[in-house]
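The following blocks contain the structures, represented as structure tokens.
Below, chain A partners chain B and then partners chain C, in two separate complexes.
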Partner chain A sequence: MATGTDTSSLAAFVRERPFGIALAVLVAVLFVDLFRKLGAGGITVADLAGFLKDGTVLGLSLGLAGIGLAMTYSILNFANFAHGDYITIGGVAGWIATFLVSGLGSAELESLALLTASSRTLGVSVATAPVAIVVGLLVAVVLTAAMALLIDRLVFRPMRGQRGISLLIASVGVALAVRYLLVFTLQSGPRGLTAGPATPSWDLAVGSGTVTVTAHELTLAALAVALMLGTHVLLRYTTFGTAMRAMADNEDLAQVSGIPTERVIRTTWLLGAGLTGAAGFLIALERGALTTSFGWQLLLLVFAAVILGGIGSVYGAMVGGLVIGLASRLSLVWLPESFIIVAAFVVMIVILLVRPEGLLGGVTTV
Partner chain B sequence: MSARLDGPLAAATEWFDGRSDAALLLMLAAGLYALFTLVSLVLGYDLGGIVNTLRRITFLSAIYAMLVLALNLQWGYTGLFNLGVAGFMAIGVYTMGMLSTAPTTSPPGLGLPLPVGIAGGVLAAALVGTVASLPALRLRGDYLAIVTLAFSEIVRLTYRSPVFETFSVGGVSLGTGGSTGMSLPTNPIRMLFYENPQEVTSPPSAFGEAVFGTFEAIGVRAPVVEGTAYAIVLLVFVAGVYGLLRRVGNSPFGRVLKAIREDETVASALGKDTRLFKIKVFALGCGLMGLAAILWRIGGLASTEDFRPITTFYVFVALIIGGAGSNTGSVMGGAVFASLLFEGPNFVRRVATQYFDVGFGQTPNTIFEAVGPLASLDLTPLLAYTLSDVNVSALRLVLLGVVLVYLIQNRPEGLLGHRTETAASVDLGERPGGEER
Partner chain C sequence: MALLEIRDLDAGYGDLQILDGVDMDVGDEEYVSIVGPNGAGKSTVMKSVFGLTTYMGGTVRFDGQEISRLGPSEIITRGLSYVPQNENVFAGLTVRENLQMGAYTLDGVPESRVEAVFERFPILEERQSQRAGSLSGGQQQMLAMGRALMLDPALLLLDEPSAGLAPDLVDDMFDRIDGINGAGTAVLIVEQNAKEALRRCDRGYVLVQGENRHEDTGRALLNDEQVRADFLGG
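This part shows the complex of A and B:
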């Protein structure tokens, strides 16, 4: 490796990481260009601040939605393609509960249970119906966790120990079945959920313009951070957390050490899916609408976040989520709006090539 | 892992093993044709309708058979988990469209001859496959799956973007049509039957007139004749792709592929440049996917809706039904998937609505209106709800998911996958007196 003088070790450094260096140069060029654009008035500081805020909100959503995926990925060693539909289940189940609590008596039961009641009339927001929202969040957590356990029992448990690819294919089957059962019962088509413009919001002056922050964005951000910290504490300082990390490192070793692996797997599903359900509910709250496929549409971005952070790393999922969220929104500085998602995927692919072990690679356990 | 071979499955396996590939394919074709003829008769179709039904399942079966064969080369032979099938299909179709549609249409194309367009589409798909494989093949299995899936979405979203709806490169206008899509050149089969195949209203040629006249007399209309002829051409294509891949599989090249699938480290320890082999396989497979997609869409519309990830999953389900690793199984999987899982539910719906006359005047709008009357033991609203057009499509995908889970749990080797050819040219598994593989 390093042989003698500084220059030759630098050359070796460059030779070892051609992609990494090229990427660093590209990012640097983009940043210079960003400042040039700001100076020349191509975009305003408020635009940029708006992108950053949207990116942070999206990033926190992805990070929160990614924790569950990261947990099951590290324990069961397969990419769960049904995870996106767990997000949808959380959103749908939670919002049906919220609708029922806030609208019972004032609207038809059926329209509440199918989410077809007018969201403007119901006018749900954290300010007007905090109880309904808390109930919805709890229902989302409980039902998603219950459904994940059921699916694990039916589909994944009989397949324990099989190759990751077999489990991945099974999870694609689960994803299709769950999503289209939802379509069958609810019918497709977007559903409005919140009071929309009536939601409390604040205009913050940035430079010459303003950035609007809504109460729902703040709720999502605050709860996402709180849940992530909670998960961290849980995995770091409880026996379950130790057992889970031990299993992620080496399942056989964990088993001979007397760790009840099957119980740890169940608890992991319970926790992971619960968090996923919460994420689905909160993402729907922030967006003010949902469809039966919104989770599936988020899935690749969530994968991107989780892979970026290093599979199985909970911090990684948070960091990865923020990187993906910010990258996709900041891409608006250079690219038209139709490329937001493309930009996020490209970032994922590039990072996978440069650093397949993820940003926080090596730290595969928590 | 060995599969549980209980009752019917064991019997089926034994039955399959006793027959040659050609006999299996012919029997499957005969069985499917007989089934769909019967269904058409039940539905009261005339001869034209029956022919049209058979044409449709032949067409879809042939397209899926080609796609599955291409994927089988990548996954079944080499173990590359490519979830980007839809993306490579889109590249083939859109490249062909942009090369061969007339410059005067909207979106404009280059107006090159169709063979150039088709060759260009296939080459583009192969080339992009090569380029995509360079980085992708450094990744392990599940990352490869996610990256290829993301790649296919990048392709789809790019073709869909308004930026490329119409654009010009060096003064030449081109376009993908964005979210509205792009009409593709007319089906070349029309050259056989029409004087001006490019025009919809063209009078038939002398040959066309004779053929149309003959079939018109027995109640088969011209478009059905045209489509049937095309379906037969597609069967020839399937045979060609099958022959090509069989040769590839049995060549020394193919043996290396199987060795890579079984143990890549061993293959490279034996001095094979496994990366190069994988890249070639990726290019060939993606090119064939492009070709299949071109044959699928030609004469119609190229729309990004057709290239959603669900299309990739369709091909995977078909491959798993047939059994990864077997070319004959791939063709069978394509046919079984296309006719029974893809088209089947619609026929079930038609037969059911005809026989049970479930009061379609008042199809319930919501699940509550459908389930509510169950309390008074009235099944009709639930049936009517279930059998409505949208809900049958939804349930079809639920069925697909359930089939996928069932197969991967109980019969991961599919119909014929247990006959997966091993890397060795002699069977090492059945040593006399030795234990089974």
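This part shows the complex of A and C:
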């Protein structure tokens, strides 16, 4: 009797959550296969640790870059397709400042301002030019925030109250305008930024091999975590952060409670874009190079992170970023490198089939 | 001079005019209800007072000052608070955070106000760390009123506070409104539960198609043949 009930409730459970069960089975199979590969020497523990490290670094970049997108989505109710180009603005503006601070006197002004100076001659790294890096980071934050405010004033504010789809299309226009203004000034083509191999790095012994961690990876990871914690403290423990969450929750009620909604929107742009600028600068630092479209190319993964986390949830963006980053790098255990983006999106689709509202969607606003 | 004076008010939404020459007064510490059939513009009066509709003419004075062109964030600092009918709590915020948002216009939330609200609605103190969305309908209504009382307003605007409540909670809700009014806060209420609202209030207005139809004490309106026949079901 009891067994019969158990079986039927199990059947009901399977019927209700077919994707969940399939996902659980798939994850279990992959885990078993991972240990088999480790045991058989198909991959080494050091390989795996390397994938985890790369995945964490990428995940933190995506998470940091995604916070601004989630913030503006939750407060303004539209997906900002210009977000990727805000990342680029941060990278470009910040690195011009870093080049100017580190190379003034030793290289032509124009070559520094256009980022064409030889990165090997300048030899910028957190060890050799910490001041230039800090200045660059601050300039990236301030200029990206200022640019976002200006664009809001020119484009998005006149459209306030319109449907999300109109704002989304406007943001595509903003994205193209910003990108080609950058191409017009800087010309396209990649720019080397850092000292490259001369950047300090450490080889950590893992199992029988080593994992190399660079100072720039550590810088990105540490600052991304610090900025995420800062965002958390702001949202949870300050009155202004509570007002942001209130407004994301119910804009009409925020208005009748006396919350100055326009000011919250402005500050949201400032904060979101400031974090995005920092992300752009740090991602360029970690990669050691940038192009005028690197933010745009990253946007798809940032969107994936934000949607996976539950669009509009800042915490979701952080978690989603880590999941996408780790999934894409861990997929190297089974797949060739050219498939890692595919793997990241397959993971996103599978998780969304199981939890359509996203990992943290519906759990917490903002 | 009345606390709130509405004179010849025309208002609506965009191009659509709903109110046509509405006159209404609420005195200090008075309890006034607006009743009338669906679509009469009862809620629109309230939203217009709070600066949430398109102003089309007339005057709204509060405490002697013209407020018809002000927005909600300014009006709330003058001593008016408004509890909307639907979605009137921040569901994702805790009970305490909801109350804090009620006092956002002040620098720093006065703990004495939070305590005063908890005293009036003890259940909110018990639930202060819970998300507002997890409260029952009646508790959410109390929280909505508590949020509106955070600034200790001279006039509280309540839009259908008994809507969606279980019948046994409706009486309790009206008792609590009596309590708020008894403590010196003037109340302007829109109610679908017209009989109960008229029984409790000092004065009432009957609004039909955006215009004043009747005005009298609650008792008198309850006993008025015409009003009974038209809206109160005989």
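The rule we apply is simple: the second predicted complex is superposed on the first by the 357 of 366 C-alpha atoms of A that agree within 3 Å, B and C clash if a C-alpha of one lies under 4 Å from a C-alpha of the other, contacts with A are read in each partner's own complex, and residues count from 1 in each chain.
Rule of thumb we're sticking to: a residue touches a chain if its C-beta (ideal position, glycine included) is under 8 Å from a C-beta of that chain, and two chains touch if they have at least 3 such contacts.
Just so we're clear, the structure is a prediction, and the values are computed from it rather than from any experiment.
J.: Answer with clash or fit: chain B and chain C placed together on chain A by superposition.
T.: fit
J.: So in the superposed three-chain picture, is A:242 touching just chain B, just chain C, both, or none of them (first/second/both/neither)?
T.: After superposing on A, A:242 lies in contact with chain C but is clear of chain B.
J.: Quick check on the superposed pair: does A:208 touch chain B, chain C, both, or neither? Answer first, second, both or neither.
T.: In the superposed model, A:208 contacts neither chain B nor chain C.
J.: Which chain makes contact with more of the residues of chain A, chain B or else chain C?
T.: Comparing touch counts on chain A for chain B and chain C gives B.
J.: So, A:257: does it touch chain B (first), chain C (second), both, or neither?
T.: Touch status of A:257: second partner only.
J.: To the nearest 10 degrees, give me the chain B-chain A-chain C angle using C-alpha centres.
T.: With chain A as the vertex, chain B and chain C sit 90 degrees apart.
J.: Determine the nearest approach in Å between the Cα atoms of chain B and those of chain C after overlaying the two structures.
T.: 10
J.: Show which residues of chain A both chain B and chain C reach, each in its own complex.
T.: Shared contact residues on chain A (touching chain B in one complex, chain C in the other): none at all.
J.: What part of chain A is in contact with chain C in the complex they form?
T.: 239, 242-243, 245-246, 248-250, 252-261, 364-366
J.: Could you please specify the touching residues of chain B with respect to chain A in the complex?
T.: 1, 81, 135, 138-143, 145-147, 149-151, 153-154, 157-158, 160-163, 313, 316, 320, 366-368, 390-391, 394-398, 400-405, 408-409, 412
J.: Under the definition above, what is the set of chain C residues touching chain A in their complex?
T.: Touch list, chain C to chain A: 50, 52, 72-73, 76-77, 82, 84, 87-93, 97, 100-102, 104-105, 108-109, 147, 151.
J.: Give every residue of chain A touching chain B within the complex, in rising order.
T.: Chain A residues touching chain B: 78-79, 110, 113-114, 116, 155, 158-159, 162, 164-166, 168-170, 172-181, 183-188, 300, 303-304, 307, 336, 338-339, 341-342, 345-346, 348-349, 352-353, 356.
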